[in-house]
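Across the two complexes that follow, chain A remains constant while its partner is chain B and subsequently chain C.
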Partner chain A sequence: MSSVVFDHVSKVFDGTVAVDGLDLTIHDQEFMVLLGPSGCGKTTALRMIAGLETVTSGTLSIGDRVVNDIPASDRDIAMVFQSYALYPHMTVRKNIESPLVAHRGRRVDAAERERRVREAADILGLGDYLERKPGALSGGQRQRVALARAIVRRPEVFLMDEPLSNLDAKLRTQTRTEIVELHRRLGSTFVYVTHDQVEAMTMATRVAVIANGRLQQTGTPDEVYRRPANLFVATFIGSPPMNVIRGVARDNGAGLELAAAAGTLTWSTPVSAVGIGSELVAAIRPEHLHVDPAGTLDFTVRAIEQLGHERHLLGRSGDADVVVRQSSADAPIAIGESLRLRPDPAEVHLFDPATEARVD
Partner chain B sequence: MATRPSPGRASGRRARDSLLAASFLAPAFAVFAVFAYYPLYRLVYLSLYRPNRNTFIGGSDEWIGGSNIIDSLTSSTFLRSLAVTAKFAVLTVPMGIILGVLLAVAADRKLRGIRIFQTIFSSTVASSVAVASVVFFTLLQPEAGLWRNVSWLSIKQPGSALVAISTTAVWQNAGLTFVIVLAALQALPSEVREAAELDGYGPVRRFFRITVPLISPALLFLAVVLVIHALQAYAQFEILKPTNDAQPLLYKIADPEGVETISSRAVYSLGLFVVSLIVSIAQFGLLERRVHYGE
Partner chain C sequence: MASNPRSTRRAADLGWYVLLTVLSLVILFPIYTTFIRAISSPVPYLNSIKSGGGLTPVELDWGVFWRVIKEPGFYRAMLLSAGTSTIIVAAQLLTSVLAAYALVFIDFRGKKLAFALLVGTLLLPIEVTLIANIETVRDLSLFNSLVGLTAPFLAWGFGIFLLRQAFLGVPSELRDAAELDGYGHLRFLFRVAVPISRPIIGSFVLISFLAAWNQYVWPRFAADEESWQTIQVALRTFGQREVDQLNFGFAAAILSALPLVALLIIFQRQLIRGLTAGAVKG
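Entry: the complex of A and B
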């Protein structure tokens, strides 16, 4: 059993609330990604699991043990830091075996130690570098040493704090796959902190989106992408982000529609809590706005981003900045052109402007 | 393509650059020439020639050469005072570094008001050797000093005088060590410390296995600088006037009441220079292997 449970956990630094009443259950063997913008409290949450930060209030458990007062070294966890945090004066071998040497309760005999270091080095392809110092390794290799140092402990829970953010783009993609592979192979619980939604979408079995110290939504990557629980999640997940159009609900004869500055929007999902005159926020992904002369929204193109396989039209719709995603094969469009957009009614998400919560 | 400058123009530019470089170097060179190179030359000269003071008759300085050097370097004055210097270094450097490191470790934490302690601990750096010696005089003075009854700190007893004077230097060395080591500790990445904590190193082993290797460049620097300070110690001895057996080499070289000739003093100075050089090179050679300079 190696679940991690936050039961109404808060962390306050000198009067600043970093984590605010977090309720989150990370299941055994899950790859949980804590996702949020920088300063949202996700790293603080991770460091509380590690024991590097104390819990101000609430209960934090690992497995069936409450760990609020258990020192970091006695928790059955291993952590990989953003900066790798290797010991620069020790060889790769000494770095990897460090957790087996440092802690009395984890000490094993020399043969077992050698076996485990070998095993970890083999998994991560470090066999040829064991006698080198970290200074002689590349960033990617250092990251592997940090992972190997975590593996030799055989912890119940792996904690990773933005482990890929110091790597270049190509290496990041490669290491991403390797960490997912590692998770499958070890069958341990992984808790992974990142601000990069691509990492979250590609690696997680479940994502917890955090903002301003509060949990916004948990779910599979698909769930948070397809059904964001509030306006923050809607605009945080996805690149380019969802377009936000504000307006007022009114009756158009056939049903309700949203009257916005640039035109009107309709939705096909039944929404009970909305009546005539309700103020609403509609959010819609750039790929669900189609250029169509019969469309219901005005749109003026201000810039065009060509990405090869697709292009983004950046412009204004009434008082809102709007992005439209198109295939590169679509008819060419000029900057400054005024167009009509047709929103896909099945893909419109509605939120309450005051609470920012989803209304359907 | 741009036109390539002719060889003549290039060499002209080089000459101009050299002239510019020389003019930048000149002030530093002038200072070194006046305060280092010329005195060194005079020392060598005075070791080899006895100056002829009879300016009326004239005549050149007398060559005394090798015999003066050998006699001076084998004299009991030189050997004994060099031994005092060595003992002074042994008494002041390790103790100063250990105390300074302990204070730095104690002050390297985020506590309300810690800055006050950091200021106090580093204040010895701001006081000159002379000021420190006067302060310690109020403690060590044989009749009225606070420590007048502490027999092993008596400056008028052979055997304890050197220990008494060493307290001044230990106090100052601890301050310098504190400043340098605190800066080194605060420059350490906190994630490495945290990784060591998670790995399970207790505070003591974390200090010796992780922290000390990481601050070793600072410790090497301190060892070299403090040993040189010890070899050059003078003001403490001039102000506190210890017994004869506690007078180091530099004191013998400069002592206005001493009986040594200018020729012997010149040789002593050269001897001290050579000893300092050898000790520094040896320290770098021995300690360098254990020092880790990061990536």
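Entry: the complex of A and C
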């Protein structure tokens, strides 16, 4: 069993709270991505699992063992670092076998060691490079050596700290697939830290969104995308991000609607605890705003980004910056043009302006 | 006519060459005159100075080098210098590596103060502590002994400083990785930190050997028997000879520097790389 459980775990550095009362259960064999902007505490959380940072308060368990006071080298984990952290003076072989040599408790006989190094090197296609030094390898190959060094330990939990951020775009996509493949093959628990939502969406079985040291939401990539728990998650996930329109709820005869500076917005999901006169924040994805002369929101186009398969209209709606995603095949639009937008009522997300929590 | 950038640059290069040539001549001049005095027969040479010469050799006496090599005192002093220098270098290497490791990789109370004190010792020239140290050595009856000759130099603030810089260059993620792999302090030090810092350590060995070999003040006072004279001290007595053997001292001086010249030629690339690597990380 190799779940990882944070039970109200906090980490304080010299008075600065890096992780604030984190409650999070990472299940056995799960691919959990900790996602958040830089400085949000996700790396600190990962380093606490590794044992590279102490836990200030709360309980951290791996499997059924509380690990608060267990040294890093005695935890059944392996970690892959952003900079690969290979030993530059050792050959690839020495690097990969290092965890089996350095730690008394993990030492195995030479034949077993050779077998495991071979196995890890084969999985990652490093067989021909075993006698080279890291300096003679490309970035992608170095990252693979780091992965092999993790595999050779056969840990219960793999920890990865932004392992793709030093690779170029093409290699990143390829390595992403390889890591997912590796997870499937090994059946271990993976905890993966990134600020890149594309990595989170494509790799995770579950995502934990973290901001300001606090857990914002956990769920499958689909859940956090379709039903963000608060305004932070709504605007953090998705590219371009959701449009945010502020206004006041009022009765339009048929029900409630949001009166904003640029017009009105209606929604089809039932919303409790919203009365007439309540201030509200509506968030809506760029693809759910449609250019339509019968629309209810004013919009002035300020810039157009052509991406080939689609285009983004950047502009203003009242006091808000708004982005509209369109197909490139849609009718051409000129910069400076004033349009009307029709929001898709089924895709409007509503949040409380004070708590920023979802209200429906 | 506007000046051509290429010719401007050539002029600048030429300026540098002239400056470097002049500086080289200033530095090489004493070595040149020492060499001239070594290979000239002493009496004719002194006469040539009186008649305004002295910059060119007179009545070549190459045999002087052979006479120095056959001199038992020269041999013994060279061996003693080699012995004390080796002990000093080995001890400084060990103490610097261990102290620098603690200063970089271990958190303890008073770390900054300890570092400041260690490096602060560099501000004290040997003359400041000379009398107190000589008395200590005498009280411990360590005059005329290897311990007495080497004890004050077994640790050196400069070595600690240089190796601290080297260890600071070890990426923190590498330390983390080593911790997860299970390297203890000593294994991390000798399997990772030291091998990675090899260029700087190499240049430190060279600098340390140079300093130890060229010691004069301490061995001059810490030994009063002729058989405990290091080469730098012995050179002084070699210079005090009859007038027809005055070139003996100069020849001995040249021969005594040969081991250093050999080391410098072998390691000069490493020396430069090590010193700059300490200053500019990466």
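Keep this in mind: the second predicted complex is superposed on the first by the 360 of 360 C-alpha atoms of A that agree within 3 Å, B and C clash if a C-alpha of one lies under 4 Å from a C-alpha of the other, contacts with A are read in each partner's own complex, and residues count from 1 in each chain.
Here, contacts are C-beta pairs under 8 Å (C-beta built on N, C-alpha and C of every residue); 3 or more make two chains touch, one makes a residue touch a chain.
This structure is a prediction, so every number in the text was calculated from the model and none was measured.
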Overlay on chain A: chain C relative to chain B, clash or fit: clash
Touching partner for A:Gly135 - first (chain B), second (chain C), both, neither: first
Which superposed partner A:Ala303 touches (first chain B, second chain C, both, neither): neither
Partner chain(s) touched by A:Ser73 [first = chain B, second = chain C, both, neither]: both
Chain B versus chain C as contact partner of A:Val12, first or second or both or neither: neither
Chain B and chain C footprints on chain A, overlapping residues: 50-52, 72-73, 77-79, 81-83, 85-89, 98-99, 102-106, 149
Residue ranges of chain A touching chain C (in the complex, touch as defined): 47, 50-52, 72-73, 77-79, 81-83, 85-89, 98-99, 102-106, 149
Partner chain A, residues of chain C touching it in the complex: 171, 173-174, 176-183, 187, 191-192, 195-196, 198
Residue ranges of chain B touching chain A (in the complex, touch as defined): 189, 191-192, 194-201, 205, 209-210, 213-214, 216, 292, 294-295
Complex contact set, residues of chain A against chain B: 50-52, 72-73, 77-79, 81-83, 85-89, 98-99, 102-106, 134-135, 149
